[in-house]
Amino acid sequence: MALTREQMARRAALELRDGDYVNLGIGIPTLVANYVPDGIRVMLQSENGLLGMGPFPTEDAVDADMINAGKQTVTAITGAAIFNSAESFAMIRGGHVDVTILGAFEVSVHGDISSWMVPGKLVKGMGGAMDLVAAARNILVIMTHADKSGASKLLDACTLPLTGAACIRKVLTDLAYLEIADGAFHLKERAPGVSVEEIVARTAGNLVVPSDVPEMRFAL
Amino acid sequence: MALTREQMARRAALELRDGDYVNLGIGIPTLVANYVPDGIRVMLQSENGLLGMGPFPTEDAVDADMINAGKQTVTAITGAAIFNSAESFAMIRGGHVDVTILGAFEVSVHGDISSWMVPGKLVKGMGGAMDLVAAARNILVIMTHADKSGASKLLDACTLPLTGAACIRKVLTDLAYLEIADGAFHLKERAPGVSVEEIVARTAGNLVVPSDVPEMRFAL
Amino acid sequence: MNGFDKVVGSYEEALAGLSDGMTVISGGFGLCGIPEGLIAQIRRMGVRELTVVSNNCGVDGFGLGVLLEDRQIRKVIASYVGENKLFEQQLLNGDIEVELTPQGTLAEKIRAGGAGIPAFFTATGYGTPVGEGKEVRHFNGRPFILEEAITGDFAIVKAWKADRYGNAIYRHTAQNFNPMAATAGRITVMEVEEIVEPGELEPSQIHTPGIYVNRLVLGRFEKRIEQRTVRAG
Amino acid sequence: MNGFDKVVGSYEEALAGLSDGMTVISGGFGLCGIPEGLIAQIRRMGVRELTVVSNNCGVDGFGLGVLLEDRQIRKVIASYVGENKLFEQQLLNGDIEVELTPQGTLAEKIRAGGAGIPAFFTATGYGTPVGEGKEVRHFNGRPFILEEAITGDFAIVKAWKADRYGNAIYRHTAQNFNPMAATAGRITVMEVEEIVEPGELEPSQIHTPGIYVNRLVLGRFEKRIEQRTVRAG
């Protein structure tokens, strides 16, 4: 069975280490914060200038001057720091954020990522995504394995304009967890109940399948 | 008579306008702060990160954490701002400081300045001088007209390594006030009692002398 | 007062000299920390053919979005311009031009403009449409593209408190692009929630030193919220 | 505590891993805001062949000057190295190499190192010995030279107060190069006058966010004054 959004978030959360500074993109990546394993603390960076993002505020604590990069009202945790956008991206560009988790339209065997622009549709902009993928040492892409028409999103080469080139090393889909190296996707884990054959069938890009592909686990 | 150090500082102070942010180099430039005309307020920038430098502290107010770019203990005026060195030089390099007054070994008819390095002598470093001369829109050099051996310091080309190229437009010496334009020094004012002939004799670089060269005044 | 008193008495004075065809850099992120009153004044002035540099371009009827209604903007340099139907329509009609710039590159380009750095290299955008036509150079074996600084004829900035000299602090995440914008305007205009006397702000805690601020005006702010998200109390 | 607690119990722990031949970036201006205790620890460790990046190199017997006594420094990148007889002597003997860098360029190179900017253009130094051998490019008709970023194996930084997460503030002009140095070390070590609990520092007033700080140690400081200048009370 393909993973649910919550299962994807839960599996992604296992990539986090105690003390990690983490930037989470919108969508499923945002959910990852809900599944951080016991005994692990991470600090969330929001690229509009907040290190130590907390939960949404209670109704009476809503403050227009306190938002996240998704323009949602948020809170700051005890021990947070707030700074300007140049400083925020100095932090990102300089590689100080340990983990970035974000969505994508396509990922290639070379680690290229397309996530911001579909030709023919109105282009709203890349926001901070290009900075994040160009800078982070450790990026996890979370996306469905195939698009709505069933076409694979794991490709030999991206067909959409890139967000970044040769920057992605890890991909989690609703079917599998894969690592990218030497011009191929390396199948590392499969979703419970999903066969290697199904993953092979749904992966368009060069895929390396080891003799043993364990089922994914959702706890350490 | 050649100007005294105090007269030079007094004349230089007439270049200041109300509301100017000013960076003063060590030596005679520092004295300029003592002669700011009535009705004019300037704010002193010290490149180690202080905008709004005040006088030296009283003995009981000395604080090792409060120094100027000359490493002297100082105070901050009411309404000062303190920041890091990158910000301080962003301010300087970005042209936000209105007036810079500094000393020099030599100045050329092209506006080149040498002020930091004498070959054969130990080189201590340029500190912030190169940043200041490269950035300020309005620089006044204060120096003696000739060196101790009597050799002119106003030259067709600097003989010492440069601090900056084509950046100086105004020079005040103990004999004259000159402006630099079109590859020449333009004699604008002479020190009281100093003849045009003496200035001509002591200026090695191309000098343009108008028909009337007024005596310098020391008040508005 | 003296030459360092930046306070002006009205929005009219604050933006005097702004004219057709100029480039205006605006602080703000989404609708957070935007110079609401200065934007409204630009609308009242009716200046046209503006190039606006801002991370976003407001929403329909609020923030920079209001400048679209009378077609005052010719070009926008931004990282994200969703949330605005009028903008989309003018873009599709070719009435407005947009130069999409990665958010961190945009912040750095404005900082560079204020700091006298004409250009810098960054990895952001290499291999993407953003890198097309830009110089590529390798450092330590990695490719980077050359990005140039941005400066404006005017910068419009919103701070929380400023003293009369223009020394200012920002509140929470309303800081965002405002400190960089403040450095990059030939004329920088700041509107604030509160004007205090010099000395009331701790010198080492000032976000924007007054040297960057040319005019300071006391504003009033609606502070509209774009995405009101709450949790149960 | 948790993974964000940066506090270590000793100077030994603070500088564990520092070894011969490494590059160390130090905060401080003159003797103001220098990491006195960390410098003393480097001396005790006896590591050699260091490249030291710092605006100045201390004085005889204090600050970075103490590292000259046992010849631990191979190269200094600084803007001004006067005030130090031992330094002069080692320089004249060829025991030490110095790369003089304009102060603003030095600050920007360290900032760039921390910010992932590999190189930038600046007008500073064009036409001078500093510009020799560097690429020149014109922007808006003006010549600029290309300067590259600096990073260090270690950065040593002195702050006033920091919380356990490493969020720090500096006192008065002891700020200087410290915030940039903090961003540019592969391992950044900070010593402070006071360690406080998270939440005690106002988030928008933090100079150095804790993300840059790997190890935090409580220090003791002599705070020697280089030029004691006073006026009559």
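Which chain is which? They are A, B, C and D, in the order written, and residues in each are numbered from 1.
In this section, a contact is a pair of C-beta atoms (placed from the backbone, for glycine too) under 8 Å apart; a residue touches a chain by one contact, two chains touch by 3 or more.
Every value quoted in this text rests on a predicted model; they were computed, and no experiment measured them.
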Contact-richer chain pair (by C-beta pairs counted) among A-C and A-D: A-C
Remotest chain, chain A as reference, centres from CA atoms: B
Separation of chain A from chain B, taking each centre as the mean of its C-alpha atoms, in whole Å: 55
CA centroid of chain C to CA centroid of chain D, Å: 32
Chain A-chain C separation of Cα centroids, rounded to whole Å: 29
Chain A-chain D separation of Cα centroids, rounded to whole Å: 35
For chain A, residues that touch 2 or more chains besides their own: 76, 82-83, 89-90, 92-93, 135
For chain C, residues contacting two or more additional chains: 108, 111, 115-117, 122-123, 170-172, 175, 203-204, 207
Pairwise touch network: line, ring, star, complete, or other: other
Pairs of chains satisfying the touch condition: A-C, A-D, B-C, B-D, C-D
Chain B partner contacts - residues on chain C that touch it in the complex: 2-4, 111, 113-117, 163-165, 167, 183, 198-199, 203-204, 206, 209-212
Partner chain C, residues of chain A touching it in the complex: 46-50, 55-60, 62-68, 70-74, 76, 82-86, 88-90, 92-93, 112, 117, 122-131, 134-135, 161-166
Residue numbers on chain A that touch chain D, as the complex places them: 17-21, 40-41, 43, 45, 51-52, 76, 78-83, 87, 89-97, 135
Chain A-facing residues of chain C, complex: 29-33, 55, 78-82, 88, 91-92, 100, 102-105, 107-108, 110-111, 122-130, 160, 170-180, 207, 223-233
Chain C - residues contacting chain D, complex: 108, 112, 115-123, 137, 139-140, 142, 144, 148, 169-172, 175, 203-205, 207
